[in-house]
Amino acid sequence: MKRGFLARFAAVPHIVWSVIFIIAPLLFAFFYAFTDGEGSFTLDNITRLFSGNYPLIFLNSLCLALIATVICLIISYPLAYIMSRMSRRAQSTMMLLIMIPLWMNFLIMTYSWMTLLEDTGIINTILGKIGLNFHMINTPGAVVVGMIFCYLPYMVLPIYSVMAGIDPKLIEASQDLGASSREVLTKVIMPLSLPGVISGITMVFVPQVSTFYISQKLGGGTFQLIGDTIESYFTGVSINYHFGAALSLLLMVLIIISMGVMNRFADPEDMNGRPML
Amino acid sequence: MKTASRIYLALVFIFLYAPLAVMILISFNGGESTTVMDGTSLRWYREMLRDGATLQALQNTVVLSISSAVISTILGTFAAMGIHHMRRKALRSAVMTVTNVPMMNPDIVTGISLMLLFVFAGTLLGSETYLSFWTLLIAHITFSLPYVILSILPKFKQMDRNLPEAAMDLGCTPLQSFLKVELPFIAPGILTGLIMAFTLSFDDFVISNFTSGSGFETLTIHIFAMTKKSVKPDIYALSTMIFFVVLVMLLAYNFMTGADERRARREREAKARFLRRLRKETAGKEAA
Amino acid sequence: MKKIINAAQPALRRALALAAAAALLLGSLAALTACGASEGTDRVYIYNLGEYLADGSEGIFDCISGFEEYYEELTGRGLKVYYTTFDSNEDLYAKISSGASGYDVIVPSDYMVARLIAEDLLLPIDLEATCEKYGAECYYDNIGPEFRGMYYDPEDEYSVPYTYGRVGIIYNTNYVNEEDLGGWDILWNEKYAGKILQFNSSRDGFGTVQYMLGIDVNTTDPADWELCLEKLLEQKPLIQGYVNDEVYNKMESGEAWIAPYYAGDYLFMLDVNEDLGFYYPEPTNIFVDTMCVPKGAPNREIGELFINYMLSEEPAVASAEFVKYASPNTVVRESEEYAEELGEEAMEILYPEDFDMQGEIQANAYRNLDPETLELLSSLWEELKISGGMPSHVYIIAAALAVLIAAAIAFGVIKRRRRSKWW
């Protein structure tokens, strides 16, 4: 059937592209991770990952990213819901308004956050008038704030996109069947918006785990995250592509595992293999 | 409930726009610092408009971002469609995992591995320089694709599978059913993906740093290098200008769609008026 | 076509319009990549640190267009300069190491020059020969004898000095007591806890300790480095943060009171905040930034002409005034306009009396260390950064969240299992 033809082969250009520009570089990474300076196979890079400071560094990054992602989700979900209830024109306006901060160069935004959060910065100057002073800069909290700011739109948009596409008749039907508005929310909208939530988490968690610029500027460089570490092995004082590649591979594996768990949860199938969603 | 929503929206927007407000404020700084205001002046705007290197970098970035966004959206739309229709689950998972790799890798690894690839290819081909605008474009498309696909795929999942089939039953060719039924449904996803791809390209630093050639500098790389020596408000002025351009585009867009709705409303009202008159006349005739 | 557009919803229409506009722009892309380099125009690719050359901002001299004009006068051919910037030596190295980066002139620091020479990534420079070939005046003699024969390039084959400078202590006169000044130990002074900054760079950070303790900054003895780590660990609770370019903002606004940084950068900060003071603790780090021609340079002779041009009076003076680092160029130091522009205090700071350039470079410059020592340095720095971890409340919150999420997923999975039993 012609439709099957078009649909099935639609992904071919993408697959070709992926093989050349995604798989091949990945092979390089594997190659570097499992070899040493002379090119001979070694597992040293991998064993080194589990020694010394590295587990703690990974833990630091995962913790911060987890907190930032969850807060992003908590903030975005009601926002996406509110947006999806607005008139169509207001929705598009809202979408663009939310994306504008992303077009502002993140270096400048980070600097602006510094100006806002510093002890002599804008927020504390205002608070100083009523005698308060919060130490916010150079703390993990500031890094989380920076991460949330940078990635909030990436969480809002997929959730909103899916929510806006929920067939209003489904909601009407559930109301006809006697659901209170709270039940409509929890039993109809939430489950149906799940694919959007999963997309959002995927798009946000990963860059947050590997962030390095924000953590240096807003966190004062006093704790080491995985992004900083990997960067130092590629462009730092002691360049070691091999160990840097190993670090990246482990990071990738951790991410794939968490995404895999989530995808199974989001793409569930009943006992006969038919998708449930 | 309505007021609670309004307050919530306001809070979120204050959070999102606070640093922008700071940026706009400092762009008018009469002094040279980015933390200490020293009177107001337009000097940094004058500086930015005169600074050829920065404007060139801006132009480069815009061209790059638009090209990358358009190409990756087209590629990604077809990919999403193909992936959605894949029947074998194992193949679908495999393709999705590979697609997501650039998203899961830290930027620096993607950047460096692509650079290694290009250097390798360059040595094989014996070219004079290994990196150029085209390598940069390839890199940008590569990291934008997962985001585009991830924006469009949920919309495919959300669509009722019966709709395109129904359309074909009613006589559409597969192409028509795609264009008239599926495409409009996934259009919001495509738009989201396009905008996201553009934004990612616009702001990207690490990958661009490693895959761009000697003659093509993007805005973020340019700004990053500028910050190394005394952060001055000139780049704040540039960003503020970009912000206002985007704002104006937004207002224009709003106005245009407002025109659509206003026209629709007028038509509806004219129709209602006509029907009312018709009813009155028929009522009058009956009475007579 | 029309049918498709009419049938589609407005959102789709807009998307199509966007795509059309983008296609137009793509067309102009082709025009763009072609333009800028027509017949009869030569090109040159310069890769410099950011804001490191007088570029015409705020009315000062523009070296780039100046060079284009100079070249046209000299050869009668047009020239387009592609001037791009990097932000650290290590980034530069990453770009150059492939051997065919496409740059004609780069500006690495002393230790990086040594490394590039050792790895055969630079081309020899012969300014006099190139100048003779083009009939240009050679300005290489503007570099005095005290700037020749540096350790990293003993025969002056590969590099031409551009700027130099030393690290000092910048402090806020409003808050810092005069008695505490004079040495490196001010960075460990508990009185100013939370207001002290430290370099966010392993070499420079360790350097502050090494200069303080009188250890050779190029030592290869691991015990020395471990000792320095201990001192840095002592310092960690006292500092506000490890910073690089944030130092400007933090010192200017008074957020921090003490920072080690370069003399020229102090002059920038002084312009904004007059309450800042500066001194050199002895000994201290000295650096030299140089211009080089990398291997594989497509237009190496034009690159050499550029280096030569930057040694001539107008570009050199304008750049030295703009960058505010010390200049190795005799013409600059003797220029009255330059001395006036900088002012007496700045001249004293940048060019102290009886300064033994050669001696300082021998004793106090960073050299390229061997890979083992660099690895040790890197891992010790990591240890410094990781020590103390993050405040415990971060871990507690994260753990709580993880538990909650696991519970939610388990709950959802159980519910789904139960529901599917109905099917």
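As written, the chains take the letters A, B and C, and residue 1 is the first residue of each chain.
Note that in this section contacts are C-beta pairs under 8 Å (C-beta built on N, C-alpha and C of every residue); 3 or more make two chains touch, one makes a residue touch a chain.
From a predicted model like this one, the values you see are computed outputs, not experimental measurements.
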Check: Taking each chain's centre as the mean of its CA atoms, which one is farthest from the centre of chain A?
Finding: C
Next item on the list: For the pairs A-B and B-C, output the one whose chains share more C-beta pairs in contact.
Entry: A-B
Notebook entry, point to check: Measuring from the mean C-alpha position of chain B to the mean C-alpha position of chain C, what distance in angstrom results?
Noted result: 32
Check: What is the distance, in whole Å, between the centres of chain A and chain B, each centre taken as the mean of its C-alpha atoms?
Finding: 17
Checklist line | Shared-contact residues (touching 2 or more other chains) in chain A | finding: 92, 111, 115, 118, 120-121, 234-235
Notebook entry, point to check: Hey, what residues on chain C touch two or more of the other chains?
Noted result: 11, 88, 91, 94, 249, 253, 255
Item checked: For chain B, residues contacting two or more additional chains -> 34-35, 112, 188, 224, 227, 231, 257
Notebook entry, point to check: Once bound in the complex, which stretches of chain C touch chain A?
Noted result: 11, 88, 90-91, 93-94, 200-203, 236, 239-243, 246, 249-250, 253-255, 371, 374-375, 377-379, 381-383, 385-386, 388-391, 394-395, 397-398, 401-402, 405, 409, 412-413, 416, 420, 423
Next item on the list: Report the residues of chain B in contact with chain C in the complex, numbered from low to high.
Entry: 31-36, 38, 43, 47, 50-51, 53, 59, 63, 66-67, 69-70, 112, 115, 119, 122, 127-133, 179-180, 183-184, 187-188, 190-191, 194, 209-210, 213-215, 217, 221-222, 224-231, 234, 257, 260
Check: Where on chain B is chain A touching in the complex?
Finding: 5, 8-9, 12-13, 15-20, 22-23, 26, 34-35, 75-76, 78-79, 81-86, 89, 93, 95-110, 112-114, 116-117, 138-139, 141-142, 145, 147, 149-151, 153-155, 157-158, 160, 164, 168, 173-175, 177-178, 185, 188-189, 192, 195-196, 199, 202-203, 205, 219-220, 223-224, 227, 231, 235-236, 239, 242-243, 246-247, 250, 253-254, 257-258, 261
Margin query: Under the stated contact criterion, what part of chain C meets chain B in this complex?
Written below: 4, 7-12, 14-15, 18-19, 22-23, 25-26, 28-29, 32-33, 43, 45, 47, 49-52, 55-58, 64, 82-88, 91, 94-95, 98, 100-103, 244-245, 248-249, 252-253, 255, 265, 268-269, 271-273, 296, 298, 323
Check: Which positions of chain A touch chain C when the two form their complex?
Finding: 52-53, 56-57, 59-60, 62-64, 66-67, 70, 92, 111, 114-115, 118-121, 137-140, 216-217, 219-224, 228-229, 232, 234-240, 261, 265, 268, 270-271, 276
